[in-house]
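Per-chain numbering from 1; labels A, B, C, D, E and F assigned in written order.
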Amino acid sequence: MVVTFGEIMMRLAPPGFQRLLQARSLELTFGGGEANVAVSLAHLGLDTQFVTCLPLNDLGRAARMDLRKYGVGTDFVQWGGDRLGLYFLETGAINRASTVLYDRAGSAMAEVRAGSFDWERIFEGATWFHWTGITPAISEKAASMCLEAVQAAHRLGIPISTDLNFRKNLWKWGKTAGEVMPDLVQYCDLVLANEEDAEKVFGIRPAHQDITSGHLEVAGYEDVCRQLQARFPKASRIAITLRGSLNANHNTWSGVLFDGKQLFQVPTYQLTHIVDRVGGGDSFMAGLIYGLVQGFDNQQALHFATAASSLKHTIHGDFNVVSVAEVETLMKGDGSGRVNR
Amino acid sequence: MVVTFGEIMMRLAPPGFQRLLQARSLELTFGGGEANVAVSLAHLGLDTQFVTCLPLNDLGRAARMDLRKYGVGTDFVQWGGDRLGLYFLETGAINRASTVLYDRAGSAMAEVRAGSFDWERIFEGATWFHWTGITPAISEKAASMCLEAVQAAHRLGIPISTDLNFRKNLWKWGKTAGEVMPDLVQYCDLVLANEEDAEKVFGIRPAHQDITSGHLEVAGYEDVCRQLQARFPKASRIAITLRGSLNANHNTWSGVLFDGKQLFQVPTYQLTHIVDRVGGGDSFMAGLIYGLVQGFDNQQALHFATAASSLKHTIHGDFNVVSVAEVETLMKGDGSGRVNR
Amino acid sequence: MVVTFGEIMMRLAPPGFQRLLQARSLELTFGGGEANVAVSLAHLGLDTQFVTCLPLNDLGRAARMDLRKYGVGTDFVQWGGDRLGLYFLETGAINRASTVLYDRAGSAMAEVRAGSFDWERIFEGATWFHWTGITPAISEKAASMCLEAVQAAHRLGIPISTDLNFRKNLWKWGKTAGEVMPDLVQYCDLVLANEEDAEKVFGIRPAHQDITSGHLEVAGYEDVCRQLQARFPKASRIAITLRGSLNANHNTWSGVLFDGKQLFQVPTYQLTHIVDRVGGGDSFMAGLIYGLVQGFDNQQALHFATAASSLKHTIHGDFNVVSVAEVETLMKGDGSGRVNR
Amino acid sequence: MVVTFGEIMMRLAPPGFQRLLQARSLELTFGGGEANVAVSLAHLGLDTQFVTCLPLNDLGRAARMDLRKYGVGTDFVQWGGDRLGLYFLETGAINRASTVLYDRAGSAMAEVRAGSFDWERIFEGATWFHWTGITPAISEKAASMCLEAVQAAHRLGIPISTDLNFRKNLWKWGKTAGEVMPDLVQYCDLVLANEEDAEKVFGIRPAHQDITSGHLEVAGYEDVCRQLQARFPKASRIAITLRGSLNANHNTWSGVLFDGKQLFQVPTYQLTHIVDRVGGGDSFMAGLIYGLVQGFDNQQALHFATAASSLKHTIHGDFNVVSVAEVETLMKGDGSGRVNR
Amino acid sequence: MVVTFGEIMMRLAPPGFQRLLQARSLELTFGGGEANVAVSLAHLGLDTQFVTCLPLNDLGRAARMDLRKYGVGTDFVQWGGDRLGLYFLETGAINRASTVLYDRAGSAMAEVRAGSFDWERIFEGATWFHWTGITPAISEKAASMCLEAVQAAHRLGIPISTDLNFRKNLWKWGKTAGEVMPDLVQYCDLVLANEEDAEKVFGIRPAHQDITSGHLEVAGYEDVCRQLQARFPKASRIAITLRGSLNANHNTWSGVLFDGKQLFQVPTYQLTHIVDRVGGGDSFMAGLIYGLVQGFDNQQALHFATAASSLKHTIHGDFNVVSVAEVETLMKGDGSGRVNR
Amino acid sequence: MVVTFGEIMMRLAPPGFQRLLQARSLELTFGGGEANVAVSLAHLGLDTQFVTCLPLNDLGRAARMDLRKYGVGTDFVQWGGDRLGLYFLETGAINRASTVLYDRAGSAMAEVRAGSFDWERIFEGATWFHWTGITPAISEKAASMCLEAVQAAHRLGIPISTDLNFRKNLWKWGKTAGEVMPDLVQYCDLVLANEEDAEKVFGIRPAHQDITSGHLEVAGYEDVCRQLQARFPKASRIAITLRGSLNANHNTWSGVLFDGKQLFQVPTYQLTHIVDRVGGGDSFMAGLIYGLVQGFDNQQALHFATAASSLKHTIHGDFNVVSVAEVETLMKGDGSGRVNR
C-alpha cells in the first residue's frame, strides 16, 4: 500500500482557452501535487491511501468522493478546518502562459492540528510513503506535520519519495524552502525535481541551461543529481523531469534517473498539441513509484514514468487517467495516435 | 449619487438544480447584499458608486468589470488584500432548501485597513448612503470601517439606509450582531429588515408568526416597526419584506413600510415558479431607495420596491436586471406574462 | 399535399430564463408562424411543401436543412435576397413576460420578387393551402405575393386556411392590417384567430373579456365567430384559441370551432409548468388542418388540435415535435405524465 | 453491511425537457433500481456492497467508478459480458410523459454466467440483502442467479427485501412476472410495491383507485398489503409507495407500511416542481432499509423513507444524493425551502 | 441517383479530449462508413438514397431525421429490429490514440430479415451502388443481404464501389473477412482500401511500409493495386488512401488511384491540427464517386477526393459538411486558411 | 483621452470548430474593427471613449454594457436606428478558412443621421482620434459622418490614425473604397494597412509577394510605405501588419513601421496554435497607439504593438484581453508559455 500525504484542492478553470476575466462558468475538478500522485497510482492499480485534512462541508465531501471515484483509499482523511483549498487555472496558448492562482490560505490542510494523525496506524501495511515540497510550503503547521510523517515513515523503515515541487507563491509563512526542506529531504530515498526546483530550493543548478529555450541538454543534469545526492546521501535515487517549453502548446518532455552510479535516460517526447500539462510531473512521479514498487529495473521504471507522464499531457484535468496497457503501448513505440477500433 | 459600501463576492453555483456534490462546472457570477443594491440602482438609472476593497488579481479585476458592466461607478474601489470573497450557491427545489456556503474569510474586504477610505471625498456629491448588516459581520476591521462610514455620512447630512441582513454563519469575530449593530443603526434614516432579522439581531419579534408556514399576517408587522423605531428614533422609515415560503419554488412576497404614523401595505405577489430568489431583499431595498430618491410618496415607493423585487425572483443571478419600464408594467397590474412581440 | 407559404426565421434565445442582457450564448433553432405549421404537419405524417425565399448563404441553407430534417418538402424554396430573418427570444417567468425581438427587416422573404413563384406548378397536387397574417405584415412585396398565392389557390379550388397572427411591431410598411387583411381573408375557408387578433385586425371583440385575467369565458367567443363569418362568408369554419395567462409559467389553454351553426368546445387544459409557449397557436392550426384533412368531424378535429397544441407547451423550440400517438393518448384523457417504461 | 444485487446502467438523457429527437448531447449518469438503493444507502452512511456483472470496457469501468464515488463497495463486481446496459430518458412536462427507452438486451448482467458469484463469501458479514423485480425480468440467466442469491441469503438467515418493480417492456425472455416472481418473493421479509406493481405482477388490486387521477385513497391500500402477506407469509412487512400523478411536474407522494397488524401512514407530500422523479421508489426503499437497519420503529422508518424519497424528487439523476440531516430536517416539518446561509 | 447500403449508428463522444471515464455528457451525432458516404454525396449535390434497417423507436427516427437534414433520400429505409447500433468515440491527442467502442451487436441492421429489400425497385434509376466491408462484418444476415444487393446491382448493370473498411472487432459471427469478402468484391468496379485493409482482408501488402511511422512511400502502393486487380478483374479502378500518422493531431494525407495501367497520384496534405479524422476515408470515397459520376477524369477525380477528404479532417462529426466550392478552392491551391469576409 | 469612432457588432459564432450548418448554439460576444481598438486601449489602461450609434433595444444595450465592462467610455453613444449590426463567424482549421458572414445592413450605425454627433464636444480633451476603413464602407451616411469626424479632429489638431481595413463584401452603397478613402486618409497622421489593404484600396502593392504562401518578405513592404506616404503626405507614420498564413491554425505574424526615413522591423512570431485571429490587426493598431501615446520611440512602439497583437491570437473573441505586464513579458523574450504559479 502506498501512502500519500498532502492536500487536495478544488480546481476551477474557465473552459478552453478563456481567460478568468472572460469566464462565465468554471470547470470543476480536483487536484494538487500529492493527490495527483495518489490518483495516478490507484488508477494504475496499486492499493493507495491519501492522508489529508478536509473541511466538513460539501466541498470537502466532494473532494473525498472524487478520490474514491478513482479508487484512492480515504480511510485516514481527517475532517476539520474551515475551508477547502482552491486554485484557479487559466490555460495559456502559444506565447501566453497558463496561470495558476492559488486560493488556499487558511485551508483545512494548512490549519492541520498537531497530533491529529496516528502515523503508526496509517503506516501499518504501507510499502511506500510519498509527500511533496508543497505541503511544508503552505503553513508552519503543515510543515511540522510533514516532518512528523517523514520521521515516522523513516522510523518504520518505509521507503520515502518526495517531489521538491517548488512554488514561489506559497512559501509565505516565515521560513524559506531552503531552510525547511533539508530536514525533510534527508529522510527520503527517492527525490524528484524538475528542471528548476533544485536551483530554487537548494541553489543547485545545471551548467549552461536555458529552460525557456525549448532545448535542454539531458546529460548536463547528471551534475545536478550528483550534487543532490551528495547533500542527501539517503537518497539512493534522484530523478529529474526535463521539460522544454517551445510554447504553451508544444513542449518537449523527458526525464533522467540517477542511481548514484549511472544516469539513465530515455528519448525525448515531442508534445506538440498539449491538452493539459498541469500534473505532468506528478504523473511522472507516480509512474516511477509504480515501476519501482512493481520491481522494474531503473531503466524500465524511468521509461514507464516518462511514457505515463507523456500521456498525461493529453488528459484534461490534474489526474492522469491512463491505464498500464496504454503506457505499455507507448513504451513499445506506438505513439502514432491511430484510431483503435 | 448613491454611495454603497460593502463587499462584492464571486458567486459559484452548479447549473440548474444540481447539488455541489454532483457539480462538474460552476456558473460564475458576482453578488453580495450591498453590490446587489448598487447594481440594481445603476440598472434603474441612478448614478451610483460602489465602495469596497478588492484584491489585485484577476478575480478582483473581474468583480470590478462586472460592476462597470452594469453601470456602477468604481472610482473609490481600493486594491489590496489577499483574496476575493466567494460563495457557493446550491439551488434547492420543493422541500430541499437552497444552500449558501460562504468562503469569504480573509477576503480583501474583511482585511480592510483603517483609514484606507477618504470618506469626505467619497461623499462629495452623494445624496444617499447605503450599507448592510453583512459588512460589520465579516470582521472587526470591517465593522470599524462601517462605523467610520456611517458617522461620516451622518456628519455630512447624507440620508442613510441599512438592511439588517442577519447571517448567522458570519458573526464569528468575537462580538454578536446584537452588540455591534445598535451603534451603526442609530445613524440610519431608513431601516430594512426581513421577517427574521429584527428578532435575530435585536430580539424584536412579531406576534403569532410562523415564517415557514407560507402565511404571514402583514398587519402583525406594524408592531415590529414600532419597536424598531422606538429603539432607533432617527429611523423615520422602517420597511419589512415579507416572504412566505410555501416551498423552494413557490413563495409569497410582499412588504410593508412604516413612516412613524402609518403602515403602508401592498398586495402580496404569488411567486409560483421562482428562478432565483437570492438578492430578493436587496432588490426591494434598491427599489425603495430608487423611489425615495425619485421623490415618490411612501405608498408609491413601497409599490415600486415590491414590484421590482417580485421581478427579481424571475432573474438568474444576484443582480436584478430589470428596467423601470418593466417594474411600472407590473405595478399597473400586468403580471400575466404574455409574450411581448 | 399541404402547401404552406411564409417565412422561416432563425430563432436565437438565451438558455433557460436568462435575459438577453446576460446572455453569453444563444440557442439556435428555427421557427416562424408558417414554418411551424408546416413542420407540425410533416411530423404528424402529412405530405407538405414549404414555399419561401431564402438567402443563398449558410443561414439560409441551415434553415432549409432544418425543414428537411422534420420531413418538410422544400422543392419550391427560392434562393435570393440578402439576409435570413432572425428573432431573439427571451423567455419570461412568473410576472416577467417573454419577449420577442424581431430582426427580420430586409429579409429574403420581405424582398421577394414579383413573379418569382410559379403558383400553378406549386399547387399541382395540393389539397390544402395555408398562410398567415405575418406574411403581408412584413413588406408590401410580401403582401402582394400573398395575394397572388391566395388568389391562385382560390382559382384552383384548393381549401385555404389562415391564422390572423396579428403582430403590432411588424405592420410598418405603410398600410395597416385592417386595410390589407380583408382582401386576403375573403378567399379563406378556415380562419383562426387568438383571443386578441380579431379585435386588433378587424375591431371585432367579445363582450366582457379580460385576456390578462387568466379566465376566459369560452361561450362569449361565439359572437366573435359570428361576426367574422358575417364579414368573410367564404369562411365556413372559424376557430379561436383561448389562452388564459395566469402568469408566464401557468396558462390555461383551449379553443373553439364554429361551423356557421354550432360552436364546438373542448375542456380547458391547465398548463402549469410551461416549457415553451411560442408556436402554441401554430400547433393548434396544424392540428386542425391535420384533423380536417384526415376527415375528422369538427368536434374531433378541434379536440385533436387542442390536445396537440397543449402538448406543444411542453416542447422546447417553435416546432411541435409530437406524434399522432402522443396526441391521441392525451385525447383519451391521460395527461398524468406518468413515466412510460 | 447491506448487499444489493442487480444491474447498473448508463443513463443517457437529453438536457432539460428536450426530446430525444431534438437532442445534440446527452447527459451521462448511472442508475438502475438496485444501484439506486445501494448508492442511497451508502450516501446515508451504511456499509454497502453492490453485486453485479460489468463488461471489461470503459463503460463498465465508468459505472464502477461512479459506485465508488458514492461510497458503494464494489468488491464483488464480476467482469465479463459484452456490453453495459443503457437507458435513454426523456423528461416530460405537464401532460407529456417522461419516457424510458431501455437498451439493455444482451448486457453483462443479462448474460451472467451460472456459478459466477460465490454467495457464501459475499454474504459474510451481511446484515441485509436487497434485490428487485427488474433482475429476473431481463433474462432467464439473471432470474436464475436471482434465485440462487435469494436462496443463499435465506439459508444464511439474512433479512431480504425486494421491490416488485414491474416493467412491462422487460419481461420478454419467455416467462411472465407472475410465473417467476412468486418463487423469489416467498423468501423475502420486506416487500415493496408501488401503486401498480401488485396488480401487474400478482393481480392484486386495491378497490376503487385511479392512479392517473392524482388522488389516491391511502387506506384502500391496506387491503393490498393483506393480500400480499397472505400470499407471501414470510413477508412480515409490506410497503407501498403512493404516487398521485397530477401531471409530469406535480405529483403527490406518500407511502404506507403494514406489519401484519397495523397500517402505518404518513402525510402526503405535494411535489409541485419535480426535478427528477426517476428513482423515487428506490430512494423510498433505501430509506426504509436504512430506518430498519438503524432500529427505527415502523412509524419512524416509514417517515424516514417517505421524507428521503420526497427529497429525491428534487435531485437530478437516479441517485438520491441527500444526507441523513436533510431527511431529518424535513421529517421535523421544515419543507419551506428557505435558503440556508 | 447513388444508392448506398449499410448501417447508420448513433455516435456518442465526450466533448473535446475528455476520456469516457471522465465524461458527464456525450455529444450525439450520427455516422458510420456507408452513411458518411451517402451524406457526403448528398451534401455535394448528388441525388442519393440510403438503404438500411432502423428500429421503430426515437433513436431510429432521429437517425432518419439526420439523414434527411443532409438531403439523403430515405425512401427505402426499413423499420424493424430492436435497437440502433451505437458507437462511443474518445478523441485522442498526441500519442494517445482515439478509441472507437462499438456497441452495435443486435442492431436492426445486424438482424435484417432476408427478403426485406426489393432491390429491383430500389435500383430503378440508380446510376451507382456503394457498400463497404463493415456490413458483411456485423452479422451473417447482413452479409447475406449484402451479397443480394451486390448481385442485384451487378445484374442490373449498375457500377458498384466498395471500401474494404476492415474492422477487427466486428468480424465475430463465425467467418473471417478473408472468407466472405471475395464473393462480394468480385462484382465491384471500384475498390477502395486504406493502407492496412488490403493486408488485413486479403493478405496483400506493400513492400517496406511502416504505417505508424508517419512516412508512406506512395509509389510502393502501386503493387498493392496490381495485386488487388489481379484478384478482382472486374475492378477497373483501385484506390488507396494514404494516411501517415505522425501523431493523433498531425497526420499526412494522400491517395492513389490505379486504372489498370497508370497510378495517379496527388501531393500529400499536411493535416497539422486535426479536428476530427473519423470518416476521413469515407469522405475520400464520396469525393471519388462524385468525381466519377460527374465525369471527371481519373486525375481530377482523385484530386477532388483527396481535397474533399483533407477538408473532412477539419469538420467535427462523421459527416463531411463541405461544399463543392470549398473543395475546388483547395484544389486550386489555397489552403492558407485566411479569413473569408 | 483616445476617441474611437465606428461600429460595434454582436458576434455570433458556433462553438469550437463547428460549422454554421451544424450549430445548435452560438457564442455571443461583441466586436468590430473600431470597438476592438477601443477595448484594447481601455484594457491597457488608457482613457477612451467609443463614439457610435446603437439601437435602443436589448441588443444595443448589451453592446454598451460590454464596452463599459472593459472600461470603455460610452458618454457619446447615440441611441437610434433599427438594429444592431451582427456578424456570424465560423472558425476554420488547417486548410478550411474561417468565414465572416456579415449581417449589418441597415444597422443603427449605417443609418446614422447627419449632425447627430457634436464633434466639438466629443473632442474636448481628446489626445487621439481613431477610425477605420470599415465605417465609410457600410453606407453613404456613415462615410459622410466619418468625413465630418476626421475633418473636425484635423481642425482641432488631434492626431488621427486609421486602419484601411478593406472588406470587399461591405463596399456596396455605390462608391468604391478607392473613390472614398483618399478624402479621409489625407487627414491622417498614422495609417495602418495589412498585407492586402494597400493594394485593394489604392492599388499599391509590394513586389513579389504571395500572401497565401506563408512567407512574406518584410523588407519588400518598405516600398508600399513609401508609396502610401507619397500619396498621403500628412501621414508621418505608416505601419503594415505582416501575416503569413501557413494554414488556419498556424500563421506567422510581424509588422513594420515607417517614419518617412526608416523602416522599423521586429522579429516574426510563430503563431502555431491560434485560438482566435479575428481582431489581430486591431490589437496591433491599439498597441501602436498605446505606445505612441505613452511616448515610446518608434521601435519600442512597434515592438509593443507586435507583441500585444501576437498575444491576441491566443485570446477568444474579438477583444485583446491582455495586460501591459503580459505584453512586456513577451517583449522581454519569454514566449515559452511556462505555467505561472
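Here is the rule we use: contacts are C-beta pairs under 8 Å (C-beta built on N, C-alpha and C of every residue); 3 or more make two chains touch, one makes a residue touch a chain.
Bear in mind that the values here come from a model prediction, so they are computed numbers and not experimental data.
Q: If you take the chains that touch chain B and keep only those that also touch chain D, what is left?
A: A, C
Q: So using the touch definition from the top, which pair is joined by more C-beta contacts, A-B or B-C?
A: B-C
Q: Just to confirm, which listed pair, B-F, C-F or B-D, duplicates the contacts seen in A-D for more than half of them?
A: Same contacts by residue number as A-D, out of B-F, C-F or B-D: B-F.
Q: Taking each chain's centre as the mean of its CA atoms, which one is farthest from the centre of chain B?
A: For chain B, the chain whose C-alpha mean is farthest off is E.
Q: Measuring centre to centre with C-alpha atoms, which chain is farthest from chain D?
A: F
Q: Would you kindly tell me how far, in whole Å, the mean C-alpha position of chain E lies from that of chain C?
A: Here chain C and chain E have centroids separated by 42 Å.
Q: I'd like to verify one number: the distance from the centre of chain B to the centre of chain E, where each centre is the average of its C-alpha atoms, in whole angstrom.
A: 62
Q: In chain F, which residues are in touch with two or more of the other chains?
A: Correct list: 16, 19, 21, 24, 65, 99, 273.
Q: So that we know how the chains sit together, what is the shape of their touch graph: line, ring, star, complete or other?
A: other
Q: For a test of understanding, state which residues of chain E touch chain F in their complex under the given definition.
A: My answer: residues 16, 269-275, 310-311, 313-317, 321-322, 326, 330, 333-341.
Q: Can you list the chain D residues touching chain A in their complex?
A: 65-66, 68-71
Q: Tell me, which parts of chain C touch chain F in their complex?
A: Residue list for chain C touching chain F: 12, 15, 19-21, 23-29, 57-59, 61-62, 65, 82-83, 86, 88, 90, 99, 101, 103, 105-106.
Q: Can you tell me which positions in chain D touch chain C when the two form their complex?
A: Residue list for chain D touching chain C: 16-19, 21-22, 92-100, 102, 167, 169, 211-214, 245-250, 273, 277-278.
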